[in-house]
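What follows is a single structure, and I will ask about it in a moment.
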Amino acid sequence: MNEMEELYREIILDHNKRPRNFHAMEDATHHADGHNPLCGDEIEVFVKVEGGKIADISFQGEGCAISKSSASLMTSALKGKTLDEAKRECGIVVAMLTGKTDSIPDELGDIAALQGVRQFPARIKCATLSWHTLEESLQGGKTASTE
Amino acid sequence: MNEMEELYREIILDHNKRPRNFHAMEDATHHADGHNPLCGDEIEVFVKVEGGKIADISFQGEGCAISKSSASLMTSALKGKTLDEAKRECGIVVAMLTGKTDSIPDELGDIAALQGVRQFPARIKCATLSWHTLEESLQGGKTASTE
Amino acid sequence: MSDNGTAYDVAKVRADFPLIENLAKGAKPLVYLDSAASTQKPRIVVEALSDFYLKDYANIHRGVHFLSQKATDAYEKARETARRFVNAREAAECIFVRNATEGVNLVASSYAKSRLKPGANIVLTTMEHHANIVPWQMALEGTGAELRVVPIDSRGVLDVEAFGKLVDENTVIAAFSYVSNVLGTVNPVKKLTAIAHDKGAKVLVDAAQAAPHRKIDVADIGCDFLVLSGHKIYGPTGIGLLYAKREILEKMPPYQGGGDMILTVSFEKTTYKGIPDRFEAGTPHIAGAVGMAAAMDYMERIGLANIEAHEAALLSRCREKLAPIPGLKEIGTAPGKAAVFSFTLEGVHPHDIGTFLDADNIAIRAGHHCAEPLMKFLKIPGTARASFGMYNTAEEVDKLATALEKIVKFFA
Amino acid sequence: MSDNGTAYDVAKVRADFPLIENLAKGAKPLVYLDSAASTQKPRIVVEALSDFYLKDYANIHRGVHFLSQKATDAYEKARETARRFVNAREAAECIFVRNATEGVNLVASSYAKSRLKPGANIVLTTMEHHANIVPWQMALEGTGAELRVVPIDSRGVLDVEAFGKLVDENTVIAAFSYVSNVLGTVNPVKKLTAIAHDKGAKVLVDAAQAAPHRKIDVADIGCDFLVLSGHKIYGPTGIGLLYAKREILEKMPPYQGGGDMILTVSFEKTTYKGIPDRFEAGTPHIAGAVGMAAAMDYMERIGLANIEAHEAALLSRCREKLAPIPGLKEIGTAPGKAAVFSFTLEGVHPHDIGTFLDADNIAIRAGHHCAEPLMKFLKIPGTARASFGMYNTAEEVDKLATALEKIVKFFA
């Protein structure tokens, strides 16, 4: 694999072309806007929390292949998880993406495909954007920024 | 003569130590403040004009040897001259000091001793300060004659 | 043919730029197509900086000693070079600032702010860089005055008629770019200035993207203010130029206070120097001014007409080679545009294009290019932008085309 | 002894400064005693600039390409170096500005101005440089707030008791120099800060003249703001540092608007980035930051304690050699003063001293040193000032003494 194939793995390209849960949500209980001023990526994350669980989660917005596929992977992975599980996973993923940890836990599944981004410092913020935005929305915030 | 003796000729040192017409003037018809922000020199020029002539002229203030002697030489030379003569002389002296002309007219007399300053660009403003202040006072004399 | 009758030899020009030369020789030769963000520096500019620091350095305007005199002379000679570069009447109309951004801020703060009352307005255009938007918004805040924006068409051509209607007797300043950093559009600055002056409005021209590509002539344009950045005209960082007419500058209060800009200071009352000193508080970027002057000298020696012609040829080739690429759309197609080539690729985000090209050692820029309102108007999240400098070659354009073809396949 | 246990060898230090070395070798060897105006540059700083321009140059924070990433890394690494140099908690508290003057202007405009109401006050001292006076006067204008000035005694020692009385609950900022550029006085900045904080006032320390001579430690001082200039600490021109506490910076509105400091821009509403970016509009002086960091590294390698000790020895020798000269009066005799030696000569104006010394190739400064209120207090038109840097030698002090003896004879 050359470095481009490493960054843009099949899974990434697939989620970029056919993003999952890519729509607004009318009855969301939590919502936040995310913004990456570097490249202008804008994302909205919607969450419906019911009984301490993420009953539904979706996103919409403009973004590069990395930020779009990252958001798509995130929504796929977290649907049905408890809030605690979701927050824990946010932490693990962000730590992996920012190189704070070297190990890639098995539990990440497809999300591990994002690891190629660590070799591209300028792109890390694209990959973390949706995760930070989710964290922000769960905390009750309105906007997240990766400046 | 080395360059210091060229700059600080006997006449200059003499006028610096014993400045002529170095006092305020109560009944001046014209008056202006001169200021050289580079070195902080401050000078006041007083003129009494009577019948189109400089009946009396004096100065006071703080200044280096060059600015003080220049003012002293100026007051000595211009006392009794007509306004036109004085203005003409201002022009000639400033032109000489700023190197706009190479020739040193004989009529300048002792003032010619200031010529050494031309080799010292940083000091030219010291030498021209009193002359510019005089010009200023004469130009303002018309509108400020009631003071 | 150059101004002095010799042919433009891009290989010779490249040899003047050590970074371009050295990185081009690497295993994966660098193709630098990001000059609109900042230009690389010719050896002569870097040497002017080193020589100044190592031979003539001292603080200016202050010392009686000969080093200080030498440094002052070098600084004021740089101002005279800047005067010649923009064809101002006198050097005192040339204020050294940090960059184009600071130039706009200075004018917005010292000239415009006090004139912004309810009913007054400032006129900008849709294609402005944030540097020519945000300072005006900050000045307008809380004044009750209005911001007006002149529209452009889908090619990126300014609507001159609308400009003539939006500018009125209550317009304090009309501020517009000479050349758009995204679209390459060259605005008819002389005409716009005449229209604005007819209504009694002052004019600021943002020449940050024009100065690298063409001769700037403030006497011909007739504008009241003009700004540019040294780092975009092959000069050092931290230095730029604000040109302003003497009669306007003389009436403007100082922008920053400090040493070197005062006549007398007391705790009761402080008086300020005349121009240009009043606008240069504290120890200025002396070496930067000297370095920017070296860059201006260099550009003039190469010949601004030559640079313009060379870059126009690169732009033509770029269009020709990139047009056949499936899904590629050129953004900005104003007639006579400058050598700034923005584009989008269907299904591939600009940021991904940038990363891919970087992997092929082609440096372009991707994003909103500090022109978010323009992106909103164009209804795109950003563009990929290849921008050309005097050192770029036709082969580099071809490499860009080849790399883009690969990207299209990858994302297909 | 140096910090790491080796003896301070001034000859070795001089060898690092090409201008000092080369001009010292001339027919009339230059003696540079004007470091308080600006310091000369070690080779390593000039090379850091050249290397950056010729190997790693690009615009920052913007590009996805590797050169831009390299340049961004270099710029942010410089910020981390600045953080370490002043011992700030985090790099984001370090804002790059043009010079100390701009640092004060930024604080006066973005922090103080909106808080200056009738009844409020700003406290300065008699010994301030214009850079720490004029920006406050400009901010105060039209606000109805008051300027208060803390007196000094005839030695140039600040009246700490008066400071404690002048600062009160209505004091917005107390701003004072760490080291006086005329008197050499080292103010008890930690104590003054504690007094001001007790009254709820914020504190700005002007460290422009302290940073060249001693370790700056904002954590120890406890001040809210601190400014310094790169060109006075052996670094490039056009760059300086504003340190400010995070919690204060976060509440301050931006100073200049433009690119790189915004989060989103639209003609309707613009939002700003966090710190430090919000305060660095437009393309910054990237190379300047890198060069200043090289200078900071260099000073730390030589050892700030060594520099201080070496300069203290020069000051002692200067006093000893100059004291016997008839009519010579040292201006500023505060205990423990820094290596700034101001003096007057009876019957000889400072400006004439400067010219005479220049003829002997000794560069000093003469005049009011941008401290007119202090001159008025001292009732002198100005002083001659010999100021020392890490490269000066005892022999140079002796040359100064010999030259001054000649002057006294000439004007006798």
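Order as written gives the chain letters A, B, C and D; numbering starts at 1 within each chain.
Definition applied: a contact is a pair of C-beta atoms (placed from the backbone, for glycine too) under 8 Å apart; a residue touches a chain by one contact, two chains touch by 3 or more.
Not measured: the values here are computed from a predicted model.
Between B-D and A-D, more C-beta contact pairs join the chains of B-D.
The geometric centre of subunit C is 31 Å away from that of subunit D, both derived from CA atoms. Computed from the mean C-alpha positions, the centre of subunit B lies at a distance of 38 Å from the centre of subunit D. With centres defined as mean CA coordinates, subunit B is found 79 Å away from subunit A. Rounded to whole angstrom units, the spacing between the C-alpha centres of subunit A and subunit D is 47. In subunit C, the residues that touch at least two other chains are 62-64, 68, 262, 264, 351, 355, 366-367, 372. Shared contact sites, meaning residues of subunit A that touch two or more other chains, fall at 38-39, 122-123. In terms of inter-chain touching, the protein chains here follow a pattern that is not a line, ring, star or complete graph. According to the touch criterion at the top of this document, the contacting chain pairs are A-C, A-D, B-C, B-D, C-D. Residues 35, 37-39, 121-123, 145, 147 of subunit A are the ones that touch subunit D when the two sit in their complex. Subunit C contributes residues 18-19, 22-23, 30, 32, 34, 37-38, 40-41, 43, 45-46, 49-50, 53-55, 57-59, 62-68, 98-102, 104-105, 108, 124, 129-131, 133-135, 137-138, 147, 149, 229, 231, 236-239, 254, 256-262, 264-267, 270, 281-288, 351, 354-355, 357-358, 362-367, 370, 372-373, 376 to its touches with subunit D in the complex. Considering their complex, residues 61-64, 68-69, 262-264, 273-274, 277 of subunit D touch subunit A.
Residues 347-352, 355-356, 359, 366-368, 372, 375, 381-382, 410-411 of subunit D touch subunit B in their complex.
Only residues 2-4, 7-8, 13, 17, 38-42, 62-66, 68, 120, 122-123, 126 of subunit B touch subunit D when the two sit together in their complex.
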